[in-house]
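Two complexes follow with chain A in common, the first pairing it with chain B and the second with chain C.
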Partner chain A sequence: MTVTIDGIPCACEAGEYLLDIAARNGVTIPSLCHHGGLPGQGCCRVCIVEVEQGGWKNIVAACIYPVERECAVFTKSERVIRQRGMVLSLLRAAAPESAEVARLCEVYDAPEYERFVKKPKERCILCGLCAKACQSLGTGAIVTVNRGVEKAVSTPYDEPSAVCAGCKSCAEVCPTGAVEVIEDGINRTIWGKSFPLKKCGGCGALTGTLAELERAADKAGAEIPALCNRCKQKSMSDVLASTYGW
Partner chain B sequence: MAVQTISLKEINPILSAYPKDRRYALAIMQDIQRRYNYIPREALETLADYIGIPLADLYSMATFYKALSLKPKGKHIIKVCDGTACHIRGSMNLVNSICRTLGIDQDGATEDGEFSLELVNCVGACALAPVMVIDEAYYGGVTQESLPKIFEAVRKGEAP
Partner chain C sequence: MTRTVLVCCGTGCIATGSLSVAEALRGEIQKSGADATVETVIKETGCNGFCENGPIVNIVPDDVSYYKVKPKDAPDIVKGLGGEPVRRLLYRVDGKPVPSQKENPFYAPQHKIALRNIGIIDPAEISDYIGRGGYEALQKALAMTPDEIIGEVEASGLRGRGGAGFSTGRKWRIAAGYESNPKYVVCNGDEGDPGAFMDRSILEGDPHTVLEGMAICALAIGAAEGFLYIRDEYGLALKHMEKAIRDAEDKGILGDKIMGSDKSLRLTVVRGGGAFVCGESTALMASIEGRVGEPRAKYIRSVQRGLWDQPTVLNNVETLANIPVIINEGGEAFARIGAPKSKGTKVFALVGKVKRTGLIEVPMGVTLRHLIYDIGGGVIGDRPFKAVQTGGPSGGCIPADMLDLPVDFDTLTSYGAMMGSGGLIVMDDRSCMVEVARYYANFLAGESCGKCTPCREGLRQMLIILTDICEGRGKDGDVTLLEEISATMLDSSLCALGKSAPNPVLTTIKYFRDEYDAHIGDKRCPAGVCPKLTAFEVDPALCTGCTLCKRTCPVGAISGELKTAHEISESACTACGVCREACRFDAIITAPKRRCGV
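Here is the complex of A and B:
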């Protein structure tokens, strides 16, 4: 099957998502809430494109639009540019402190609307990707709470979570850098809780929080590794070298 | 207010009426809400253990639905209509009067746990504006002067 994206014929399977097909064929579609490992969010609407099929043109979110039959896709049509500009302007009002949102606004020429009141000091666009990451890891420490204008990401009762291991997966998937992580070389502080960090027994590099390493080791039924990946590889290659007398 | 002591013995029968499955979480929370007029923290924690899902998931649900409350509610819930008609007829003044009469703030409950206040949108009785509803009973054309009498009647169980 072939879909045409901005005039470029792209081979694809039925059911594949437009965003993936475009990326494979070198067409850039911007997105925020999309993460390869946690698909199906589809809430930031930055990745909207225009799909022409059977004489109709529709605006769809590329990250959650599965291709069913041959169609023509436009990522830079006038309608897409206008609507994406509006989406980005709204996101900028929601998260004016986010560098990534500001960058996208710059690149895609999002118009400045004075009537959109900017939330002070906010970097979060409330996409919920952090909560999804936490949940998919089986931790479930953070969730989106309340709804409407009061919606926020938080731990239960706004207190330090009893189950958080400080793995900072939430911070890593966050597209706008909204999850605050403070590391001072000894502790990592995240979601109002401090976790002691573990150092590699060889080079002294930080390998993660003790709590997350314990949990991972517990799940795998193994000991907490004493070395970081680099040192582990080095020691194994040293063993190999001495075994074969290299 | 007098904090209701939550006995876990009372929660267990509510829980055991349902299978240990995530999809019953909302129904169980509604039952807990009905029993205590709010969802005590202990109950939410016990429920999380019972179903085996993170406390955070239940907390997310409990904060999402308006029908569920994490703060203690009074035995009698006063719903003041703030629809267009009532708003124009001074529902906000009514709210202030109720708060002053009962000595509560807008989302609080009285010391004795008898009353709590909720603001709702249109109860469908615009002709009676401003309207308040206490325990399914409608009170139309409410004035500041009529409030103490109404509350006294509700307290004594003499409400219509």
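Here is the complex of A and C:
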């Protein structure tokens, strides 16, 4: 099956998402709430494109729109530029401290509305990727709470989570760097809770929080590794070298 | 012979004391001694619709209806049974008391299908429902093939009563076409539009018709399990529905081997947690599954992948209530009622500044004027009509010059409003349309799920701008900006809530632009509603010095002696408007605020 994206014919399978098809064919569609390792969410609406099919033209979110039939996709139509511009302007007011949102506003020429009231010191765009990541790891320490304009990401009752292991996967997937992580060489503080960090027995590099290493070891039914991955590889290659006399 | 005294025990009448009325009537009948020829039965029924005149008592077969009944009226009512009706409790048309609902202008033009049993049966008694022909349609459907059932529903032209108006028959046909099992049938009872109580009344007053509709749907699509999602605030509806399911299962009508056939249907009531957005079908299903009630994109429809990713038919309460009638009378008979593309009847909750408020059912295609003036009796105090808000937060405000539009699925939509699920809020010249838009923006800002940017952030900015306009901080260009935000919400939001959320703003801008301009340009609220832009004055020529305003003013801002013109202190007045509502001589007038709070 073939769809055309901005006139470029792109081969694809039925059920594939437009964002993936575009990426494979070298067409850039901006997005914020999408992460390759997690299912699409369609909530930031930055990846909106126009799809023409059977005489209809609709705005869809490319990250969750599955291609079922051949269609023509436009990522730079006047309608897309206008709506995406407004979406980005709204996001800039919601997260004025986000460099990534500011960059996208610049690249995609989002109009600046003086009238919009900015949230002070905010970087979060409430896409919920952090909560999705946490949930998919089986932790579920953070969730989106409340609804409407009161929506937020938080631990239960805003208190330090009992299940959080400080693995900072939430921070890793966050598109706007909104999850605050403080490390001082001894502890990592995240979501209002401090976790002691473990050092590699070889090189002394930080390998993660004790809690996350314990949890991973527990799941695997093994001991907490004494060395970091690098040192482990080195020690194994040392053993091999001495065994075979390389 | 049996005479039945039907005491309305819908939520409205219970609130005005109908349970004690029923109790008093029971006591009185016992006291009066049994009549050898007539057995008198007291029944507690569902909502009669004319809630503002409750508690309502109907006597059949005599066809006498009493309104605003108090427990102390019980002796007179019992004495009058079979004889002369109690005149003081009858409804009056132009001063003349009328015993029959057929002569009551609120009831006479109505055509009841979905509400056919409500007010007549005791919703807690399955035998009452069966006595009115209940579950005959299910029996009939059991002898039909799924294709035949769907054929009847398609022929009826029935469209979803929740607001979107999708063809019910087609929805069933698509779901029936999928081979994947299990399939589910879901009843959407998460009614949440401000001022709407259509589904509530059906769930409370005739629960079995909903169950029968669901059972027929289950036969048609091949489902053996279903859910009724009812908002937790509807306590009576939940109680009646849970009892109805138990009773139907005990009688072998639901559960395993329904009515002795090889078909089964397990129905479960799920209590909604009070989120408006859970009325959206995909959010509702997420909620049933135990997930956060957030909608998903409907690129794959829930008839294909709904509850637990299985084919699911979700129908509104009122839609389901029509199904037994369609199966019994045939789809074609049903299609003869209503408008060309909107068949059948529609239940409306007629509220606001209208003389006769309540729940009504009329054939689709009647005009708004007929609803508001003929049935509703016109605007309270015969004030000028300004607008009617239809369809709740997804709908719009329709001005006076469009009162002759037919009410159906498509006409109002083409004017930017929508018939929606059936809420009709009538507004007079003392309603501020900018404030109405602000009210709905505020409602939705709190009730949006907050998942997608256009809806959450669009509503946040919209609410700030509308509040500014109402409080005298409106700026040039605000209206254009509201329109631009609206355009993006309509086009780019994830679900129907966001896509329709700008409708109240857009319709008020379209039809009442002058009010926006007055608020922004002149810092004046023409309707005298927005407190920061309104001052009240007493017109000394009209004031009779009755002191009513002085006594009702909550802040003591009005001074004046009996029989002399009163005065309002602008510095003390909070412009709440209570005095203006109270004044019977229209002597309280609005004036531009001198010290505008900008």
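What we mean here is this: the second predicted complex is superposed on the first by the 246 of 246 C-alpha atoms of A that agree within 3 Å, B and C clash if a C-alpha of one lies under 4 Å from a C-alpha of the other, contacts with A are read in each partner's own complex, and residues count from 1 in each chain.
Just so it is clear, contacts are C-beta pairs under 8 Å (C-beta built on N, C-alpha and C of every residue); 3 or more make two chains touch, one makes a residue touch a chain.
Because the structure is predicted, anything quoted here is derived from the model rather than measured.
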Chain B versus chain C as contact partner of A:Leu38, first or second or both or neither: neither
Partner chain(s) touched by A:Ala216 [first = chain B, second = chain C, both, neither]: neither
Which of chain B and chain C A:Thr144 touches, first, second, both or neither: both
Touching partner for A:Ala102 - first (chain B), second (chain C), both, neither: neither
Contacts of A:Ala23 with chain B and chain C, given as first, second, both or neither: neither
First, second, both or neither for A:Ser161, with chain B first and chain C second: first
Interface residues of chain A shared between complexes with chain B and chain C: 143-144, 146-147
Chain C-facing residues of chain A, complex: 41-46, 48, 59-61, 64-66, 79, 82-84, 86-87, 90-91, 93-94, 113, 115-117, 125-126, 128, 143-144, 146-151
Chain B residues touching chain A - in the complex, by the definition given at the top: 41, 44, 53-60, 63-64
Residues of chain C that touch chain A when the two form their complex: 275, 277, 292, 296-297, 299-300, 444-454, 456-461, 463-465, 475, 477-478, 481, 484-485, 487-488, 491-494
Touch list for chain A against partner chain B, complex: 131, 134-135, 139-147, 155-157, 161-163
